[in-house]
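Chain IDs A, B, C, D, E and F follow the sequence of writing; residue 1 opens each chain.
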Amino acid sequence: MSGLLESGIELMMIGMGTVFSFLTLLVFTTRAMSWAVLKLGFATTPSQTNIGHGQAAGAGGQGVNTQQHVAAIAVALDTHLSTKNK
Amino acid sequence: MSGLLESGIELMMIGMGTVFSFLTLLVFTTRAMSWAVLKLGFATTPSQTNIGHGQAAGAGGQGVNTQQHVAAIAVALDTHLSTKNK
Amino acid sequence: MSGLLESGIELMMIGMGTVFSFLTLLVFTTRAMSWAVLKLGFATTPSQTNIGHGQAAGAGGQGVNTQQHVAAIAVALDTHLSTKNK
Amino acid sequence: MDLLDQLWNGSGLAQMTLGQFAMILISLLLLYLAIAKKFEPLLLVTIGFGGLLSNIPGAEIATGNGLLHLIYEVGIETGAFPLIIFMGVGALTDFGPLLANPKTLLLGAAAQFGIFATLLGALGLSALGIMDFDLKQAAAIGIIGGADGPTAIFVAGKLAPELLGAIAIAAYSYMALVPIIQPPIMKLLTTEKERSIVMVQLREVSTLEKIVFPLLLLLLVAFLLPSAAPLLGMFCFGNLMRECGVVERLAETTRNALINIVTIFLGLGVGSKLGADSFLTVETLGILALGMVAFSIGTASGVLMAKLMNVFSAQPINPLIGAAGVSAVPMAARVVNKVGLEANPQNFLLMHAMGPNVAGVIGSAVAAGLMILITS
Amino acid sequence: MDLLDQLWNGSGLAQMTLGQFAMILISLLLLYLAIAKKFEPLLLVTIGFGGLLSNIPGAEIATGNGLLHLIYEVGIETGAFPLIIFMGVGALTDFGPLLANPKTLLLGAAAQFGIFATLLGALGLSALGIMDFDLKQAAAIGIIGGADGPTAIFVAGKLAPELLGAIAIAAYSYMALVPIIQPPIMKLLTTEKERSIVMVQLREVSTLEKIVFPLLLLLLVAFLLPSAAPLLGMFCFGNLMRECGVVERLAETTRNALINIVTIFLGLGVGSKLGADSFLTVETLGILALGMVAFSIGTASGVLMAKLMNVFSAQPINPLIGAAGVSAVPMAARVVNKVGLEANPQNFLLMHAMGPNVAGVIGSAVAAGLMILITS
Amino acid sequence: MDLLDQLWNGSGLAQMTLGQFAMILISLLLLYLAIAKKFEPLLLVTIGFGGLLSNIPGAEIATGNGLLHLIYEVGIETGAFPLIIFMGVGALTDFGPLLANPKTLLLGAAAQFGIFATLLGALGLSALGIMDFDLKQAAAIGIIGGADGPTAIFVAGKLAPELLGAIAIAAYSYMALVPIIQPPIMKLLTTEKERSIVMVQLREVSTLEKIVFPLLLLLLVAFLLPSAAPLLGMFCFGNLMRECGVVERLAETTRNALINIVTIFLGLGVGSKLGADSFLTVETLGILALGMVAFSIGTASGVLMAKLMNVFSAQPINPLIGAAGVSAVPMAARVVNKVGLEANPQNFLLMHAMGPNVAGVIGSAVAAGLMILITS
C-alpha cells in the first residue's frame, strides 16, 4: 500500500514539474512569437487585414484607451462569456 | 385464430383501462400540483421570476383578459404551431 | 501493361460517350419538361403560387428586364455564392 | 464490346422490375401530395424521396452498405431517431392549455380507443383469413390510430419492422387527411347547438407549473408504466429544457437544427423501407384500410367522450374539442377551431382544443408503452 | 388475469429498488440546483434528467440497447463527445488577455497542484484502508481539481469509466459552487491591500498573434507531450477556426448548433452512469469529499503563486487573479472580479483574470495528458 | 527515475520520424495557403489541421480508436459524409441559369474529358513503369479533373482509399488555383473578339420547372446509370428541398448547420489520411502532377466545345463559359466573368457561366458513377 503512496508522490512531483516546465516554455515561446509578429512587421500581412469578425487588429503600442473603455470591454466580455458553455 | 381474437379483446380492455387510469391519475396529480404551486405560494420562488423566454408568468386568478386578447393569442399560437414539426 | 492502356482507352471512349449521351438526353428532356410546364399551362398550378421563398415565379416570355437588372442579379448571386460551400 | 454490355447490364432499363417501377410512381405521388397539396410535407417529402432512391435498381442505396440502409440501422432500428424527434416535439410543446384545464386529458384518453379497435380489426382480418397479422403486427398497426408519427415509427421498429414503411406512410398520410376525415364525423355526432357551445376562458398558467409538469408526468410513468419511459421521457426532457428557462440555447437547438437534421434522416430511413418487395403486398392495403378506420374511431370516441363529460361538468365543454384528442398536433386542433367557427363565428376553440391535442400525444405514448410491454 | 399480472410486474412500483428511488431523488435534487439555483445548468439539467431516466426500473434506457447506453458507447466511451465539446470551447475562447500577459500562464500551472494533491489524497485514503482506489482511479479523481468538465469526463472515460458518473457530478457541482468555495480562501490568503492592487492595463493583441498561438501551443504539445494532443488539439482547432477569419461559418456552427447538440447527448450519456448500483457506493462519497479538497487546494496554490510572482514582477500583480487559474471558465474570473471590487470599487480585474482562467484550461489538459501517459 | 524515462519515451522529440516532421510542415503550408491566401479555406483549414493531428507521434489520433480514425471509418469509409455534403450543395444550387439555357449542359459534358485523359495518363505512367497505378486507382485520380471535392472523395473512398489523402489535397488545391490555372488556357484558345461576344439575356425560369428538374434528373439516372444514383440522388434531394417551398426549415438546416458540421468532420477525416507513411510516396507526386493536367485539359475541352457549339448555334455563345464546365463552383464561373470583363467591360458572363458550372457537377457525378460501375 505504501508503494502506491510512493508512486503517488513521485507522480505529483513529475506532474507539477511537467506542468510548470510546459507552461514556462509556453510563456517564452509565446513572447518570442509576439515579438516576431509585432517587431518584425508580420502583423501587417494580408492575413491580418482581410479577416472579418470585427475585432480591432491594431499592432501593439497604440493602446491609450481610457479606464472606462476597458471596463466597457470587460462588461461586454462578461456578458458574452455568460452564455459560454463549459 | 379465435385465441388471437380473444387476446385482442383482452388487450383492448386492459389497454383502454390502463390509458384511462393513467390519464385520470394524471388529472388528479396535475390538479394537486397546480394547487400546491398556486395556493402554497411556491409560484413566487426565484425560479419563476428569473426565467426568460417571454411568457406571462402570473399566478392564477388575475386573468380578466378580453375575448379579443384570447383570439389574438390563439392566432399567434396557430402561426407558431404551423411551423411545428411532428 | 499495354492491356491496361487499352482498357484505359476503351474506358475513355465509353466514358465520354456515356457522359455526352446522358447530358444530351438531359438537354432534350429538360426542354420537353420546360415546354410542358410553360406551354401546357402547368406553371399556374397552386404548387407554384403558394410557395414562399421569395423568387420571382413568372411564366416565361415576359422577361424584358434591363441589362442593369441582370447585372444586379449577377452581383447578388455572386455575393450569395461566395458563401457557398463546395 | 464488354464494357458496353456491362454498361447496359448496369442500367436501370435492364434491371428494373415492375414492382420497382410501381414504387417509383407511388413515391412520386407522395412527393406530389407533399409539395402540391402540402400533406405533412416535412415527412412526406423526405420519405417520398427516400422511397424513390430505394427503388433504383442496382444502386443498392437501401441495402447492405448503402447510405439509406446505414441510416435505418443507426437511427431507426435503435429507436434513436423517433426518440430524438420526440424530444424536439417536447421542446415545441406548450402544456399551458392542458394545465389550465387538466380534465381535457380524458379526451386524449378516449381517442386512443381508435388504437385498440384497430388492433382488434387487424386480428379480426387475420381470424377471417383475409390477412395474416400476428399480435405484434396488429399492435403496431393499431398505433397508427394514435396519429403520432414518431410514436408509430418507434413502435413499428420494435414490434414489426417489416411493416414499418406501410405504417409510417399510413400514419403521415392520414394525419395529413385530418381536415378531410374528421369534420364529417364531428358533424354527424354533434348538433349545431352543441358545436356552438362557448367555453370558459382558460386561466393563465404559472411558469413553475409548466416546469413541474414534465417531471410529474415522467415520475408517474416511472412508477406505473416504465415501458412508456423512453418515449415520454424524451418528450418530457425536451419540454423541461423548453420551460426551465436556464438552458434556452439547448432548447433552441433542439427545436431547430437538431429536429430538422433528424427529420431529414428519419424520413430517408423510413423511405428505405419502401422497397417493392416489402411494400407491394396485400398487407399494405390492409394497413391503409385499417389506418383509416383507426382515425375515424379515434375521432368519434373523442367527440363522444366530450359529450359525456359535458353531462357531468359544471362548466360547458364543446364536444368538438374531443376530436383533437387523436393528437395530429396541431392540425386536429385547427380543424376543431374551423368547424367551431362554422357553427358560431365568435367562438374560437383553438386554445381549448390544444389541451386534448397534447393529451392525445401522452395518451398514445401510454398505449404504445403498454403494447410494447404486453406483446414483447 | 395474466395480462394484469404482466402489467403489475412491469410497473415501477413492483420493480423499483430503494437505491433507484434514492437516485431519483438525487437526480431531482440536481435538477432543482440547476434550475432554481442556476448551478451549471447546461450540464446539470441534462445529467440530472439522464440520471432520472437511468433509474426507471424495467425501462432499460441506460443498459443494453437503450438510447442512453448507446449514446454512452458512441460518444463517451470513444472520447468523441468531450473532445467535440473541447473544440467548441476553443471556438468560444479568446486568448487575447493571455497573449497580452503571457506570464499569467504560470498561475494556470500553479493551480493544477489541486489535481496532484487530490491524487495523493485518494491514494492516502486507500493506503489507510478507508477507500480502495488504484492509481488510475486516483488520477481520474484528481482531475476534478482541474475544474474542467470535458477534461474530467475524457480522463475518467479513459482511466476509470466505473467512476465517471460520480466524477462528472463532482466536477460540475464544484464548478457551480466556485462563488461559494473560492472567496473565503482568497480572502484568507490575501490582505485588503493586496486585493486592492490595480494592474497595468492590457495591451491590444494583433489578429496574427491570435492565429499563430493555437498552432504554437499544438506544436509544443506535439513535441513534448503527445498524450495531451487529443484534448489540446481539438481545443486549438476550435480556436483556430474562430480566429483565422476564413471559416467563420464553421466556427459559428461549432460554438452554437454543434456544441449544443453534443452537450445534450454528453449530459444524457453521463447521466446513464448514475445507475444506483454504480453511484450509491462509499467511493462516491470519497470522490465528492476529495473533489472539494481539490478545488480548495487549487485555489490556494493559484493565489500563493500570484503572491510569489508579485515579489519578482516589475509590474504589480493582484494575487486574486491566481484563483482564476483553476479554470471553471468564466465563473472563476467573475468571482475574482467581484472580490476585487469589494476591496477597490474602481478595480476591474475581469480581463486580467481571463488570462489565468484560460491558462487553467491548458494546464489541466497538460496534467490530463500526463496522467494518461503515465498510468495507462 | 522510471517515470522520467516514460515521460521522455512518450514525448514527440523521442518518437518523431523525419516523415512526420515533413508532414507537419506540409500541413502548416496547407493552413497557410488556406488562411493567408484563402485557398478553399473551408476544406483546407480542416484537412490541414487534421493532417497536423495525424502526424503527432504517439498520440494515435488517426489510428485505432483515435477520434480522427473513428470519424474516417464512420463518415468517409461509408461514403456518408461526401453524400451529405452533396445534399447540402444541392440545397445551395440554383438550377435557374441551366434551365434557361439547357444546351450549356453539353459544356459540362465536354469538360469531363479532363477526367478520362487523366485516367489515361495515370495508366500511361504505369505502362512506362514510372508509377504503379491499377485501373481503380487511375479512375480515382482521374476524378480530380471533375473539380468537385465531395465527388472525388466519394470515388476515392470506394476505389482507392489508400490514395484518398493525396487525391483530396490535389482536388481542393487545384480548385483553389482555378483563377491561376484557367485564364492563360482560356486566352490561348480564344480570340479577343470571341471573348467579347455578348450573350442573349437569360429568360426567367418558373418555380415549377425548378421543382421538376431534380426529379427529372434523378429519374434519368435511375433508368440509365444507377451507379451514379447515390451522388446525384443526394444532390437532387437537397435541391428539391430547396425548391419545393414546403420544407424550408429542412433546406435551411441542410445548407447551414448540417453542411457545416459535416464539413468539419469530413476535413478532419480526410486529414487522417495524411499520415507520413501513406502520403509521402512518389505516387503522391504523380497524383499532384496528373491533377494539374486534368484541370488544364478539362478547361481546354470546355472552351473548345463552346467554340464548336457557337458554329451551330443560332444564338451567340461566348466560348469562355465553356471553362466553367469543369465545375469548381462558383470559382470557375467568376473567373469566366472576370476574363470576359477584361475583353468587354460591359459584358457580364456570370449568370451565363453558372449553367455550365452546375452542369459540370452533374457531368462529373455521371463520370464517377460510370467509373464505379466499370471498375468495381
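Definition applied: a contact is a pair of C-beta atoms (placed from the backbone, for glycine too) under 8 Å apart; a residue touches a chain by one contact, two chains touch by 3 or more.
Because the structure is a prediction, the values reported are computed rather than measured.
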{"item": "Lowest number of touching-chain links that must be crossed from subunit B to subunit C", "value": "2"}
{"item": "Set of chains adjacent to subunit B and to subunit E", "value": "D"}
{"item": "Repeated interface matching B-E, over half of the contact pairs identical, chosen among B-D, C-F or A-F", "value": "A-F"}
{"item": "Between subunit B and subunit A, distance of the C-alpha-averaged centres to the nearest whole Å", "value": "51"}
{"item": "Centroid distance [mean C-alpha coordinates] between subunit D and subunit C, Å", "value": "37"}
{"item": "Geometric centre distance via CA averages, subunit F-subunit E, whole Å", "value": "41"}
{"item": "Shared interface positions of subunit A, touching two or more other chains", "value": "11, 14, 18, 45, 47, 50, 85"}
{"item": "For subunit F, residues that touch 2 or more chains besides their own", "value": "3, 7, 35, 38, 42, 211, 224-225, 244-246, 249, 257, 260, 263, 370, 374"}
{"item": "Interchain pairs in contact, sorted by label", "value": "A-E, A-F, B-D, B-E, C-D, C-F, D-E, D-F, E-F"}
{"item": "Touch list for subunit A against partner subunit E, complex", "value": "1-2, 4-5, 7-9, 11-12, 14-16, 18-20, 22-27, 29-31, 33-34, 37-38, 42-43, 45, 47-48, 50-53, 55-63, 65, 67, 70-71, 73-74, 77-78, 81-82, 84-86"}
{"item": "Contact footprint of subunit E on subunit F as seen in their complex", "value": "3, 6-7, 10-13, 15-16, 24, 28, 31, 34-35, 38, 41-42, 45-46, 49, 52-53, 55-59, 61, 65-67, 70, 256-257, 260-261, 263-264, 268"}
{"item": "Contact set on subunit E toward subunit B in their complex", "value": "1, 3-4, 7, 35-36, 38"}
{"item": "Interfacial residue positions of subunit F with respect to subunit C in the complex", "value": "40, 42, 85, 88-89, 92, 94, 99, 102-103, 105-106, 108-110, 112-113, 115-117, 119-120, 123-124, 126-127, 129, 134-135, 138-139, 148-150, 175, 201-209, 211-213, 216-217, 220, 224-225, 244-246, 248, 255, 259-260, 263, 328-330, 333-334, 337, 346, 348, 350-351, 354, 359, 362-363, 366-367, 370-371, 374"}
{"item": "Interface residues, subunit A side, partner subunit F - complex", "value": "10-11, 14, 18, 45-47, 50"}
